[in-house]
Amino acid sequence: MFSWQATPLRPLTLLGMLIGVVVVLALVLGIVTYLIYFERKVIGWMQGRIGPNRVGPLGLLQSVADVLKLLIKEDIIPANADRALFLLAPVIAFVPSFMVLAVIPYTASHIFTANLNVGLLYYIALSSLTILGIVMAGWASNNKYSLLGGMRSAAQMISYEIPLGLSVLGVVMLAGSLNLVTIVQHQATDRFGWYIIPQIIGFVVFMIAALAELNRTPFDLPEAESELVAGYFTEYSGFRFAFFMLSEYVYVFAISALATTLFLGGWAGPFLPSWLWFAIKTSAIIFFLFWVRATMPRMRGDQLMSFAWKVLIPVALFNVVLTGALSLIG
Amino acid sequence: MPDDVTEGQAERTAAEKQAVAAKPAATDAKPAAEAKPAATDAKPVAEAKPAAEAKPAAAKPAKAAPPPDPRVVAATAVAEQIKASLERALGPGVVDETGAFKDVPQLVIASGKWLAAARFLRDEPEHAYTYVELFAGTDYKDKGYIEVALYVQSVANNRFINLKVRTPRDDAKLDSLTGLFPGVNWEEREVYDLLGVVFTGHPDLRRIMMWEGWNGYPLRKDYSPFENIPVKGGNGS
Amino acid sequence: MFGIFKGLGVTFGQMTKKKVTLQYPDVRINMPERYRGIHQFIPELCIVCNQCARICPTDCISLSGTRNEDKKLRIDTYDINFEICILCDLCVEVCPTEAILMTPRFELASYTRDELYKDMEWLYGNHLGEFGSHEQAMAAQAAREAEHAAAAAANGVEPGGDS
Amino acid sequence: MCALRSEEMILNVGPQHPSTHGVFRLVVTIDGEQIVDADPVVGYLHRGTEKLAEDLQYVQIIPYTDRLDYVASMLNNYALCHTVEYALDLEVPARAEYLRIIVMELQRVASHLLFLGTYLLDLGAMSPFLYAFQEREQIIMLFNEICGARLTYNYMRVGGVQWDAPPGWIEKVRDFTAQMQKKVPMYHQLVTGNEIFLNRVRGIGVISQEDGIAYAMSGINLRSTGFNWDLRKNRPYSIYDQFEWAVPVGKNGDCFDRYFIHLQEIEQSLNIVAQAVERVPDGPIIGKVPKLVRVPAGEYYRGIEGARGELGVYLVSDGKDKPYRLKLRRPSFVNLQILRKLLIGQSMANLIAILGAVDIVLGEVDA
């Protein structure tokens, strides 16, 4: 197996790294483009509509057109905004979303991603950085709705970091490693099969916390359209707005990929090539996220908090204890 | 056939009007529509006052039509009872006038006793007029006063009456009923806004439909949009 | 927790249902016969009685006419201001000669307000379509209706059914 | 060292806020997300209908009533026509009464469906909005067939209705009613049982019965408090007394009750329509009405049960063909007054839930 860490840094390997980054970026942009298309189609179908269908065949170029539109829109910076922070916020929100993708093992021979031995920790640590960008955006916009959105976002994401981290602990305990590649490999040999079976409680907690981390329905309070107009990105337009959208959808992909890796056996699967298995499993989770969005109303802030602290964290802790007990017995 | 024909036009019955109005291709105008119902003798209670109906242009009050409508008689009697009860409690001179339109008894309360009378009628279990249905002001320019009508329902006794009060146009001022019925808060503001009646004791008497810089009271009969040019950006008129 | 899954079931079940989206400019909504769209005006029938202008609740109709040598009134100008017309149909209702009618046309979007001020020519054109005169248009309509009735009779459906 | 202190913030919700359903403005003072004070500002859609009506003949006012509560125009039409008929002691032909009942109850269903959809949209659920609009579209197309308009119907006239039902229309209504009656459980499955939804609306925006009456509320807002007051039963008009139906009443007066009564009223209205379509008699559709309606001098008030509460028309006539004064008792306007009381102490998220459940239409609030 190819590993960046084992390879000394030479001009050729540096070039390889750069190419890898560019390929992953291109891939991710492509994925996000069609993620948005997929979301609009799925939600459309669930609502008796047909979704995008005008731009390109079957509306396949709709997201491309949207991005182009955002690119050529005027970049508005409100006069009373904190200019430096306002400009910085989208970047801070976006960069970590992209960085976490570095550790996801997409295929059996994950040539473009880092085989980091603290991959999971790296993911969770970096994904928390996005909160900073969001709070910054909410503050810097100098808009009351944005501020409320930023506040809500900070409270919500910090609260849900904990159950998210706790829920994956069980997986780490079973696999005995924080390395995502090792976790996938362990699942192939584990006597229960994929970790979704022994870690079903962890999986449920993970999915709920993931929805909250993503600010998606039913936890979309920070951008609650009907209450806060657009939450923290109310004042953003053009490409800065696109950055927030982009990071949101990259996270949708990243968290689904993480769930696949941790609970659904990653790339493993018979007959089909490993990348296809990975794609299928990830798509299934993404579909679930969209499905939930089409069905659920929004939760209320205080309920959201008490749900995190009073339900999810105890359940996740219980799962950790249970996993420990089971591993001791087994 | 009604006698009110518009200026020299060929008069058409309702049925003809219906037939013409139907689109040419819409073949569905039922021929039954031609058969005019004998509406006059189908009326259950209205026999009493065909005169008032046939000559509406004469502009005389409905209750003056001979013989009087039994509903009006009954309702007037109710109004008299309430008047007696009110005068027993609040002294004479509370009620200026009693009467009825259709089945709704009406009492014109003296403007000074407006709040007291409304409170009495709300609190006294015998009356218990607790539920306000309508609060409306009307400008009677020729008579020189603005009349405020309050239609209240007694849910407990299932009765419905109309209380009225009059206030001079040039110094329109009334007691606010907001303390009794919180539900007339905005209604009073609307009457203040559109008719210019000042409700003393109202907690929040601001314009509600027009903005603060509006000049004049649009629902007054002598209001003219040309004379009352709104004050831009000003406060108060 | 159970209610949430029921809801998920409902939305999932909707995926396979028939979609209701109408591809608007390509597929048009089939407006019923009575639809109150933009007016058409037939000067040949107008007797300049002014009833439509008088009944109009928004005063959007203005018209003028002159007396012919045979003492009949003839319409000269007939304008409807579609900026304020509310398509309430009252003018059609009062017209004694059916000179003003309503079409199923409903698209009136324009870039400027003055374009919404429609004159007699325009309203007549709305009625004429590709025909040269009112008589031709009426003949074509009669032919169309006869054809429709014949087709309906052939299918065993009563004429004048729903649209 | 100064103590840690939070500052109050004035937040301007509306008039262009997505959840104010039109141009309603609410100036709220918030402390964090807690509402300290709220000041509803209305009037952005004031068109002076009452003033305009003073210069219009009765038949010309009807199109204006369409534009009050523009999601329930049929009921507004009826309120005006009914008051004039009451003033004239006019007999309305049976067929007209049946057609009126059918369109009015269908309109109530359409209006409640719109409430359902937009309320759920306010609470963050998208799909019920689109489902509700699919059903509402069918009702609107039925109206389109009978009167040629999809929103501003101008269908009723003093003494009857303007158009008879086109051939096959009654059957279509019958089909729709049967189909819609089967659809209602879908909403219960999708929404009523959803725990997230229940948590958001239960115990929120509670109106006590005393408050409901004192604030002159009407319609579902009043009935949700457990107070059985429906003008169709309590002060019957038209031919409602000939049908069998029930008045759904709530218990707690909270947002959930208001939502739930909307659904139950849809069922009851469909029930009335189903009975009405079976018995529509033949006959004329408009009574013997003078060409130019002149109301005898006097003043008249009639309230009907609109989609949002008591929709009343107060008519002062001096015997001319135009009203001397026309006052419209708009249920949304009256119901909205309690909003401030309901909001104080709530959070921003509850603001939307409460405002949505009071169910206002700005065209009606501002008239």
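Here the chain labels run A, B, C and D in written order, and each chain numbers its own residues starting at 1.
Just so it is clear, contacts are C-beta pairs under 8 Å (C-beta built on N, C-alpha and C of every residue); 3 or more make two chains touch, one makes a residue touch a chain.
Bear in mind the structure is a predicted one, so any value in this text is a computation, not a measurement.
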Task: Determine which two chains are connected by the greatest number of contacting C-beta pairs.
output: B-D
Query: Whose C-alpha centre lies nearest the centre of all protein C-alpha atoms?
result: D
- request: Using mean C-alpha positions as chain centres, tell me how far chain A is from chain D in Å, no decimals.
  value: 44
- prompt: Between chain A and chain B, what is the separation of their C-alpha centroids in Å?
  reply: 63
Message: On a C-alpha centroid basis, what's the spacing between chain B and chain C, in Å?
response: 39
Averaged-CA centre spacing for the pair chain C and chain A, given as whole angstrom: 53
Contacts with 2+ other chains: residues of chain B: 12, 17, 21, 26, 28
Field: chain A, residues touching no fewer than two other chains
entry: 46-49, 294-296
Statement: Each of the following residues of chain C touches two or more other chains, namely 4, 7, 10-11, 14, 20, 33-34, 89, 93, 102, 160
Field: Residues of chain C touching chain D in the complex
entry: 1-4, 6-7, 9-11, 14, 20, 31-36, 55-57, 86-90, 93, 102, 158, 160-163
Query: Which residues, counting only chain D, touch chain A once they are in their complex?
result: 9, 11, 17-19, 32-33, 120-127, 130-131, 134, 190-191, 194, 196-197, 199-200, 347-352
Task: Would you mind writing out the residues of chain D in touch with chain B in their complex?
output: 42-43, 46, 48, 50-51, 86-91, 93, 159-160, 162-167, 211, 213-218, 229, 234-235, 282-292, 294-301, 303, 310, 312, 314, 316, 318-321, 324-325, 327, 329, 333-334, 336-338, 366-367
- line: chain A contacts chain D in the complex at 43, 46-49, 144-145, 148, 151-152, 217-218, 220-221, 224-229, 293-303
Query: Given the complex with chain C, which residues does chain A contribute to the contact?
result: 42, 44-50, 53, 291-292, 294-296
